[in-house]
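Structure, as structure tokens:
Labels A, B, C and D are assigned to the chains in the order they are written; within every chain, residues are numbered from 1.
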Amino acid sequence: MAKRVALLTSGGDAPGMNAAIRAIVRAGIINDMEMYAVFEGFKGLVEDLISPVDRSFVSEILMRGGTILKTARLKSFVEESIQDIAVANLKRHNIDTLVIIGGDGSYRGGACLAAKGINVIGIPGTIDNDVIGTDTTIGFDTALNTITEAVDKLRDTSSSHLRCTIIEVMGNHCGDLALYGGTACGVDLILSPEYRPSDAEVVEKLKTIHHSRSRHALVLVSEKLIPDLQSFGQMIREKTGFDTTVEILGRIQRGGSPTAMDRVLAARFGVHAIEIIAQGKRNRVVGTVNGKIVDYDINAAERRSTVKTEELIGVISTLK
Amino acid sequence: MAKRVALLTSGGDAPGMNAAIRAIVRAGIINDMEMYAVFEGFKGLVEDLISPVDRSFVSEILMRGGTILKTARLKSFVEESIQDIAVANLKRHNIDTLVIIGGDGSYRGGACLAAKGINVIGIPGTIDNDVIGTDTTIGFDTALNTITEAVDKLRDTSSSHLRCTIIEVMGNHCGDLALYGGTACGVDLILSPEYRPSDAEVVEKLKTIHHSRSRHALVLVSEKLIPDLQSFGQMIREKTGFDTTVEILGRIQRGGSPTAMDRVLAARFGVHAIEIIAQGKRNRVVGTVNGKIVDYDINAAERRSTVKTEELIGVISTLK
Amino acid sequence: MAKRVALLTSGGDAPGMNAAIRAIVRAGIINDMEMYAVFEGFKGLVEDLISPVDRSFVSEILMRGGTILKTARLKSFVEESIQDIAVANLKRHNIDTLVIIGGDGSYRGGACLAAKGINVIGIPGTIDNDVIGTDTTIGFDTALNTITEAVDKLRDTSSSHLRCTIIEVMGNHCGDLALYGGTACGVDLILSPEYRPSDAEVVEKLKTIHHSRSRHALVLVSEKLIPDLQSFGQMIREKTGFDTTVEILGRIQRGGSPTAMDRVLAARFGVHAIEIIAQGKRNRVVGTVNGKIVDYDINAAERRSTVKTEELIGVISTLK
Amino acid sequence: MAKRVALLTSGGDAPGMNAAIRAIVRAGIINDMEMYAVFEGFKGLVEDLISPVDRSFVSEILMRGGTILKTARLKSFVEESIQDIAVANLKRHNIDTLVIIGGDGSYRGGACLAAKGINVIGIPGTIDNDVIGTDTTIGFDTALNTITEAVDKLRDTSSSHLRCTIIEVMGNHCGDLALYGGTACGVDLILSPEYRPSDAEVVEKLKTIHHSRSRHALVLVSEKLIPDLQSFGQMIREKTGFDTTVEILGRIQRGGSPTAMDRVLAARFGVHAIEIIAQGKRNRVVGTVNGKIVDYDINAAERRSTVKTEELIGVISTLK
């Protein structure tokens, strides 16, 4: 009997998830697998939102943001009784392998299913680039370009009004969006978990800019780093004299047609996932390390953490 | 002696202001006028930030957002003694005509100078499209497309998560950005000063969508219409059961390279402004009415209000 | 019995056609009409590619370029026997009204059907803006912005290499794309059917630029105006000394997500088409004149030609 | 005396060159070097278009396409007498180090200067990604996204007309733009130097598509691979029955604001170039291998060729 493979997307959506879905379904069919879609993430596993899909299911989705499989959070999935329902649903469909596109949170859910005998393959899909064991995640490059375009727009108005504009970007405790985005936009200051000048340094630097020729400043801040960004802006305003505003980029960072590199990454991850399934590998997560495709055991403890931003922080320090 | 014409940008910046500056300076020079730039709006008039400019001053600015002349607000400009300083500065440079690119607030400042003998010509530049006597303002079309792209991105994530996403757009008491933007994006609900379904209607409609096939909703809201948008979102969440989030698009709406039509409009306004100066007209504001260039007396009371959105509200009512 | 209305797209595709399809289908259903899609234009009428559609048929198409109904050219449609087949197919489905989204060529086909008793309503959809009786067509604004973005990119490389770059844009004997696009991009020369400097003037102007400070030039040319653009480029190269290249923008001008204004225009046209059908009007084409929605008899002879570009040519002459 | 470092851009321009110029000048000044700009590439070396620059020279250029230093080709630079003039000019300014942003052709010119005692540092800047010894070049990612956006637009019109669209992309004998671009866009066929299905295979595949459900096809072809693309299109038309058109994307691939990753790469390359100059290294070219910054001797024979596309060709073969 042909191998039956289901796939779902989980956690926050990321541009390129659809490109990955397309690659997995097409590569699976070419490898004589029977492909199944699970809708609404783990919730759909539990509620049996599971259907067989064919090649036409994934046509014209490559360039679209979001995920046609939908995604949802299901808090109760930590309970074993709920996991058992999911496993039973998969078994009823004779599905033995489940591909999960998501982040570390989704992998934890996947590891629970793996412990119950399902073969779980993880593909890193999140704009935050915060998955252990991979240098890049699907959606990161697109979100970075969305941030870059937004900051380029904000620079127009910030420089026209001679303002200090503080901009919050996403990242979920990982500073990559701020560090790469800030470098790409040549902002004056970046504040991220990995690179956090003190408030005194921030004030000092902004004071200098306020009295310089350019007289406007852009500051990029990782979400969840500064508890109250409005108060932080107020502090800047008072201590530097700068007309200061705060912008929260928000969920536009999640959407949009994926960039070329996110689409290529999704194709590479999707094809690799099907290849390792065909080879009989079990419970692996795919990723890239130094540009090459790799796969590791799904359990975080056995994944190698990659060092990504050290050189970039040096670049930022030099150009500041 | 050649006529000396100064120009400034005032109020919120808008994409296309630079294209207008370019058109005014080039058309002025072609008409043998001597052109002067005033930096930082009315503040620059008072602080004498006034310099002669040539054709090269405006090269390579056409496609850039913001304003190379900078803009600022100067509260004290309501005081006559301050206005007298501005007039004295202009007279010292032998400048008799001042072109102001801005909105109604800037025109009021201009009218004060007109009352003191300066020939003031106004060009409507604001993303809000809220200037009396013109159907269109420079920057509106660009902001509309920025909103459209942002909402298209938000739709990706809203539909992937089966959410209700409430999106605040600018407009400054004028609903055009919400009405046109909402029509362009096919959102489920628009709330603007001109078109405001009751909270009960909003809840009813969102309940219906929540239980429909699509299960996600986009709501576009004009700024300053709903005092506390987070509470409004909380109310929606409670009464409809929808997972509801609030997004404030913010100042990205002000920036970016102007659209084709904003650049063309800026060229038309700039050339017309110089033409009426050459003809000896005094204290006029230019605009478009039914697609044609017009000019009116700068005093608001003498400008005709245009009816812009009636048909569009009919379209919105039909397609809702 | 409910009124049955079919719709098709014909001629070259244009961004916003899908938005118009959506508006027509939704407005028709709201007005208790039964809506039918005809696929592949007039060819689909003849081959009976006609199906009833519901509201879900048009979901998620608003922002997509192209036309989900497909389009095709059918040369044999000039033959009456072929037209009779189309009419017979429509009558077999009890369809009495046909909405055609296309240009003047498509309207001529429509007028043949009107002569045989079908109620034909035309909506102007073409990037070329060359339809008699309307100031604007669906797709024009998007194509204009596509041209603007492409020319902005070409400027980067043209100025870096100190070149003269000749760029051909579409328009089908109508110069609007060249005239508006050229104004939007501030190109050095525009050559269109309505505004055609002599070769001697072109050479003179380019010689001046070649020896000026900027030393690079952009020339925008309407398609079908200069028979052999490569030879024209060669002539420029020889007579001016400019390193000269020729770029044909091509069909990228037809694609892409429609701009805000094209989507709004499509909504307005679609709703108006259904309104006049509901009112019992017959054989009309809709359009805008001076910003307002109008409708005229479908026969070209009875449509009023609008004067669109006179003022713009004045602006171009001033800023050149 | 402070070290004097000049920089120039050479060969075809690429988006991100300005970001690299900015990084080099800023990092150089921070390292107490005196920075000089050479305008118009090697031509400027010979004609002494060499000026000292400060930090303000590179402000507001980060996001701009093209190169503010201009670029030019100088055929006579192969002659030693011409090279001697360049060396003499540099020595007259007491400049001992020259940073060249360009491709292999530019490096060859640089190696000639190195042989005459100038310390030459190369940074790979070209959209073609065809430089030996680096996985990525500045401009490649941007060109890839420009191609992706253009092909997405062409898909709209190709699918609306049920056509086969053949699209030529740049690459200069390197297939990376075609291979990555084709994967990103999910085209039906890619023809590149590294991956070239036979004409018979191309015809067979297109025939299958012509009779399949989708009925439209996109074919991406590397420049310089097929001598006469129009004839190739004609052959496809005749042998497959497909309505076939040919599109040459052309120089729009060179322009545009650089993507986030090209800007980051430019910053990293620029900082690294200054670092190795400060360390006293001589005649090196920088690059990335497996994501890490490296530097090699400027002579091509001593640079290691990187294998970039093997895995990607496997992905393409699987998904075809």
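Basically, a residue touches a chain if its C-beta (ideal position, glycine included) is under 8 Å from a C-beta of that chain, and two chains touch if they have at least 3 such contacts.
Note that the structure is predicted; figures quoted are calculated from it, not measured.
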Seminar exercise, completed: In contact with chain A and chain C alike are the chains B, D
Problem set entry | Contacts common to chain B and chain D (chain labels) | A, C
Seminar exercise, completed: Most remote chain w.r.t. Chain D, using mean C-alpha positions, is B
Problem set entry | Averaged-CA centre spacing for the pair chain D and chain A, given as whole angstrom | 28
Problem set entry | Centre-of-Cα separation between chain D and chain C, whole angstrom | 35
Exercise. Among the residues of chain C, which are close enough to touch at least two other chains?
Worked result: 152
Seminar exercise, completed: The chain pairs that touch are A-B, A-D, B-C, C-D
Seminar exercise, completed: Residue positions on chain D within touch of chain C in the complex are 9, 12-13, 15, 40, 64-67, 70-72, 146, 150, 152-162, 165, 245, 247-252, 254-256
Problem set entry | Interface residues, chain B side, partner chain C - complex | 19, 22-23, 26-27, 30, 56, 59, 62-63, 135, 141, 144-145, 147-148, 152, 180-181, 183-186, 213-214, 257, 259-261, 263-264, 267-268, 271, 274, 290-293, 311-312, 314-315, 318-319
